[in-house]
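Heads up, there are several structures right after this.
Common to both upcoming complexes is chain A, partnered first by chain B, then by chain C.
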Partner chain A sequence: MSVFDQLVGQPRVVSTLRRASTEPAAMTHAWLFTGPPGSGRSVAARTFAAALQCEGAGGVQVGCGECQPCRMVMAGSHPDVRVVDTDQTFIKVGEARELVLEAQARPSLGRWRVMVVEDADRLNDHSANTLLKSLEEPTARTVWMLCAPSLEDVLVTVRSRCRHVRLGTPSPHAVADLLISRDGIDPSMAHYAARAAQSHIGIARRLATDEHARARRREITSIPTGLASLGDALRAAQDLVDEAGEGAKATSADHAEEQRRELLTQLGADLTARTQPPSVRAHLRRLDDRLKAEARRQQHDSIDAALTDLASVYRDALLVTAGSGLDRVNASEPEQIQLLARSFSAEQLLLALETIGEARQRLIANGAPLLVLEAMMIGLLLPRG
Partner chain B sequence: MSAAVPTLVLVTGPEELRAERAVDSVVEAVRTSDADAEVVHVHTESYQPGELMVHTSPSLFGGWTVLVVHDLDEADDALVEDLSGYLDQPADGVTLVVLHKSGNRGKRVLDALKKSGARVIEAKAVKTERDKHDFVTEEFRSARRKIAADAVGALVLAVGKDLRELASACEQLIRDVEGLVETEDVTTYYGEKVETTGFRVAEAALGGDEARAMALLRHAMLGGLDPVPIVAVLAMQLRQVGKVATAGRGSSAQLARDLGMAPWQVDAARRASQGWDGQRLGAAIQAVAQADVDVKGGVRTEVAVRSPEYAVERAVLTVCRLAQGDGRP
Partner chain C sequence: MKFRVERDVLSEAVAWVVRGLSNRPPVPVLAGVLLTADPEGTLTFSAYDYEVSATVTVEAEVAEGGQVLVLGRLLADIARNLPAKPVEVSTDGAKVSLTCGSSRFSLIQMPVADYPQLPNQSETSGSVPGDAFTQAVTQVSIAADRGDTLPILTGVRVEIDGEKITMLATDRYRLAQRELTWSPGSTDAEHVCLIPARTLSETAKSLGASAAVDLSLGEAGRGDGLVGFEAGQRRTTTRLLDGEYPKVTSIFPSSVDSVAVVDTQVFIEAVRRVALVAERNTPVRLRFSEGQLAIEAGTGDDAQGSEAIESTLEGPEIEIAFNPQFLLDGLGVLGQPYTRLSFTQSSRPAVISGQAELDGDADDSYRYVLMPVRFAG
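Entry: the complex of A and B
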């Protein structure tokens, strides 16, 4: 048993990280993990951090997963391993400054102070600049681990100072095996989930363990064959946006209230007062803006995930029309795929995929979500006749 | 004091304006019997234990007292205790009005008030478009005046963000305009808001009136109106027409409920959908979706957008041509 078992289908990465944590000469102070969503970038950073702090089996089996430091790192409770995840579109300069200060402190318990930045693609020019010095010449016992989807997503100044570790997309088989061995999931369910999630480990796990997630995915994959008229298209768009809004935790009143209380407590303000003094009101306004940004981001992520599922149906249908024997993401829904493959020509299926891709671009460009999806669904209407 | 004058009143609900009006109506009712009745306000944040007793003890001159307790939902224990004590043994010559916005705080007092037969007045929140339309209609009805359905829409668009503003706008129109209040009256008093413009542009474009749609649009742009909300209103109009046109028969009221629209909006959308079919409506929505992204700076991979103004014009023109039964311009 080793923490590296969690890095599915990435043998090269595992051997690099093992070497770095055992041979001082192979160690570096700044790392950049890249890989498609779900490939396990942040898992790689965490397991590496565990291996660095590991005290098990006399240092022979590094990252034993059994010793206390290993467990603490994996549970996210090790005092010397800081994992920065953000709900915001950007990591702000203020946050970056705090991280730099924190990175200067000596490790309190373990051998290393580890700073994991899960979304290094969200460093903007300012916050990246703040980190540069610390990335270049960190304190002797400090390690930075940055994660991002791809090299291009990270500013050149940052990535040129890091050692790059690229994670590939694991095979659905490897992901299914992980779900079986780590989470004790039934093999047939594990294989379905790994395939449907297109090897995204987190989504696969959710599909395998959450009936609601499976039902939602079935709803999305059955959209294409139900798009017969304008009314269907408008309804499908509205449903998608509504679902995404409901899923967004940041939009819930409870979450907002909790954050508000926390902030007021920190400021030492009166929780029950109806009107707050101006300085407190300014803080509350900023909190409000932040919550709105969070909600927007969560809604965007949720819609984007739905579009991934939607696109997979058209891609499967394209495989059918091309007579390809390749693995189908939606092998569990053969009727939908067959029907779609009969209704569309190969060219039309390609156009449909382009339409979905364009919708994604528009969402990134800040298009109004409902309108973007309406236009997309209209573009996906079944050919008449 | 006559039987029409209540001694216990509970005003429940979050809408401040409605709560204020409820209090005013109680005070008015009391003063019809005792013109010198005194009104005392008690606020939660400054409440001193025992204050309630002071205000409810018989006054020297024997006059009536209206005691208004604000924000029971924010009350501390002392006030809740004192209120409960009072309700066990109400005083003569006092009308107690308790305001409660929402939530469970002060529930003991709420229950006791209801058990003692307090008159309950609701101050329901005015939030959705529908609520606001109903609010305006009710304002006019209670003044025994009439307002045209699309004038209600224009008024809500123009000043509907704030309920007080909406209420005082109603008051002004009722006072200053004679006879039926129409959209033109609303425009005269409250000007052309961007939403109203978007609404009119959409109306003209959906009707295929190219000259009018373009004139309205250019006029608005020259006036410096932001194209983003114009596009948003265009999209909303097309969406409503699309939904209504594909929803089948059914009464306006039924459709309004199903689609979350106001009945007059359903009627307007039905009228606007004349001569359109699903395919052309779909193309119109796609054109507006393109404009929405273009006015915000466009998608990175696309050729640079000439200007936001051009993007909106192109979309409006496309909608006009589609309305006339053509394909794309």
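Entry: the complex of A and C
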């Protein structure tokens, strides 16, 4: 199986990357992958890195996914491929400096030294500026790959130094096909999940495999029709925040235990020991810090995902009001959509979508989640009468 | 896996191999050291941190071949403190047991499958005497940049032309160049590479005690990104820097007006004393006149110091100022009893080289070019 198979519904991108990794003239030293969340930006960067280091099948089929370099890149253990992902809000300038130094080194095993920055939108001005020189003129065998949601998320000076690759939102069918072929999910479930997740591959997979996630989604999509009074609005906001907090806690407790166990085996430390030696403790402390930052981000992501689901209901209602024949995201709950379409005018639906958009902006600006959501829910109350 | 090895052999090998392991490896599994026992009677230790790899092979009585990965530093600490008796090591389920005399240790195995493949070392390109190599690396690497503004300057440029190796490093304020001869595998050897100064000097320190160090520079294409060093049973590879090194040979002054010769040790001590009053970023001033060198530091309201030492001078008198630390760095690695300083003007770079006798010939194999500091008056 080729590594490119993981890039779903992006035939144009795949052909560009394939060409770049086989024809020297089509290669560029700095790439910027953009696309909506879930479209596979970092997957694109990793598969491209694997294709560049691939040794399989004599160059006919680059990115074979079976040779050792391919597997090492995909597992994140290739010495010449550095993947920078951060759980913090920003990539700090010190880290950026280290990257520049590392980018100067020649590849030691493969053909290229690849520097992948998964969250280029998290480079602050200072660290982005540190990278400029290296981005513009890296050494002959260094390739930079930056990933960001959109062109606007990176400094204009960084943007202008990179070749831009835009990943589109894959069609729900393509996502469903991936779920069926890769994860062996039942076709009708796969199609429901792909549609409901609005083609976000990760979320679609969770919806398809996790009953709790589906139930939660149903709860969220039924919020709009239940917002009759001020009390309803406040309750709905409180539920959303509680659920996000609990969800984050539940997943992260399992996750933390797993990460801890994995780290200890890799370190060759005794899993059952009550106190660990100092060198191991330092690793554990770093892991704890990372997990804490991750949990914070997860809570934020969880609320954001809920708002996406919520907005999809209003979108569908708007489609009904406008008489459009486009695919409904929530085709499985037609009554709610109809009810909403009857209660709101087209203008009010647009306003509702705007209210949700504003709440997301406020959350990004670090507003207190409960307050922001309460304000939003009050803005979404059903019109009287 | 099961083998038996002498305590000293084990502790020396492990200590050497883990010396390069960082405390915060990029991937936790790299904190391990890989032990490979060959039934032919050899035992190989390997460590790798993506930048530097080290392997050493020792003789051992191997009863059963195999591979294990254990925590490198822990093994080194244990090996160092064992009693002087043969050490027996064998795998025991998920653990590795180590017995020496009456002391027993049980170490946890790390996952061998997760351990990256060590870079292969290509064929030897030639060999350098160990002491000359160490000295040359020390002399040159002091001038390499430690900052991160121009990554390429953190490297030592090594140029090989037949039987001559030229090492060069600069951080824009000083430049050090050392030429030495070696025995290349083929007389028409030509190669240029850029080795990170930090890893090069660590390598030189750890291999320099041996009589000869073999260099393998790799061929074009694959494996070219590494340089390998080998001394006896110890092998290490270092990843190279890439890029175009600035053209710096024009920095060496083409003509010389004044030449002074001073006793190196006396000069170092005097500069070190006077520099005590030179605060951050202030220079020491050197005034050369017939038979005497006056060293001064500090101005105006600050503390001041001065000292005069004996010196010869050919050509016009000159007053020049240097960053004291940069000056001392160069003098400290000169390795010759007398220091020759060549000047053109007090605003132009000066060249420092060594010589064996006061009125002997200059030894140009090592040259340290130092930019002067401008000073008022």
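Throughout what follows, the second predicted complex is superposed on the first by the 333 of 385 C-alpha atoms of A that agree within 3 Å, B and C clash if a C-alpha of one lies under 4 Å from a C-alpha of the other, contacts with A are read in each partner's own complex, and residues count from 1 in each chain.
To be clear about the criterion, a contact is a pair of C-beta atoms (placed from the backbone, for glycine too) under 8 Å apart; a residue touches a chain by one contact, two chains touch by 3 or more.
Not measured: the values here are computed from a predicted model.
Visitor: Taking the superposition on A as described, I'd like to know which of chain B and chain C A:L234 touches: first, second, both or neither.
Guide: first
Visitor: By residue count, which of the two partners contacts chain A more extensively, chain B or chain C?
Guide: Chain A has more residues touched by C than by the other partner.
Visitor: Quick check on the superposed pair: does A:H283 touch chain B, chain C, both, or neither? Answer first, second, both or neither.
Guide: The second partner, chain C, only.
Visitor: After superposition on the shared chain, which partner residues are touched by A:L263: those of chain B (first), chain C (second), both, or neither?
Guide: second
Visitor: Just checking: does A:Q104 make contact with chain B only, chain C only, both, or neither of them? Give me first, second, both or neither.
Guide: Second partner only.
Visitor: On the A-aligned overlay, A:L151 touches which partner chain: chain B = first, chain C = second, or both, or neither?
Guide: neither
Visitor: Who does A:A26 touch here: chain B (first), chain C (second), both, or neither?
Guide: neither
Visitor: Kindly list the residues of chain A that each of chain B and chain C touches, one partner per complex.
Guide: Common interface on chain A, chain B vs chain C: nothing in common.
Visitor: For the complex, give me every residue of chain A touching chain C.
Guide: 68, 72, 77-79, 97, 100-101, 103-109, 111, 113, 134, 139-142, 263, 265-270, 277, 279, 282-283
Visitor: Which stretch or stretches of chain A touch chain B in the complex?
Guide: Chain A reaches chain B through residues 229-231, 233-234, 272-274, 358, 361-362, 364-368, 370-372, 374-375, 378-379, 381.
Visitor: Report the residues of chain B in contact with chain A in the complex, numbered from low to high.
Guide: Residues 44-45, 71, 74, 76, 232, 235, 239, 242-243, 245-247, 278-279, 281-283, 285-286, 288-290, 292-293, 296-301 of chain B touch chain A in their complex.
Visitor: What residues on chain C touch chain A, complex-wise?
Guide: 23-24, 27-29, 31-32, 50-51, 69-71, 73-74, 107-111, 114, 116-117, 119, 148, 151-152, 154, 196, 222, 224-226, 237, 239-243
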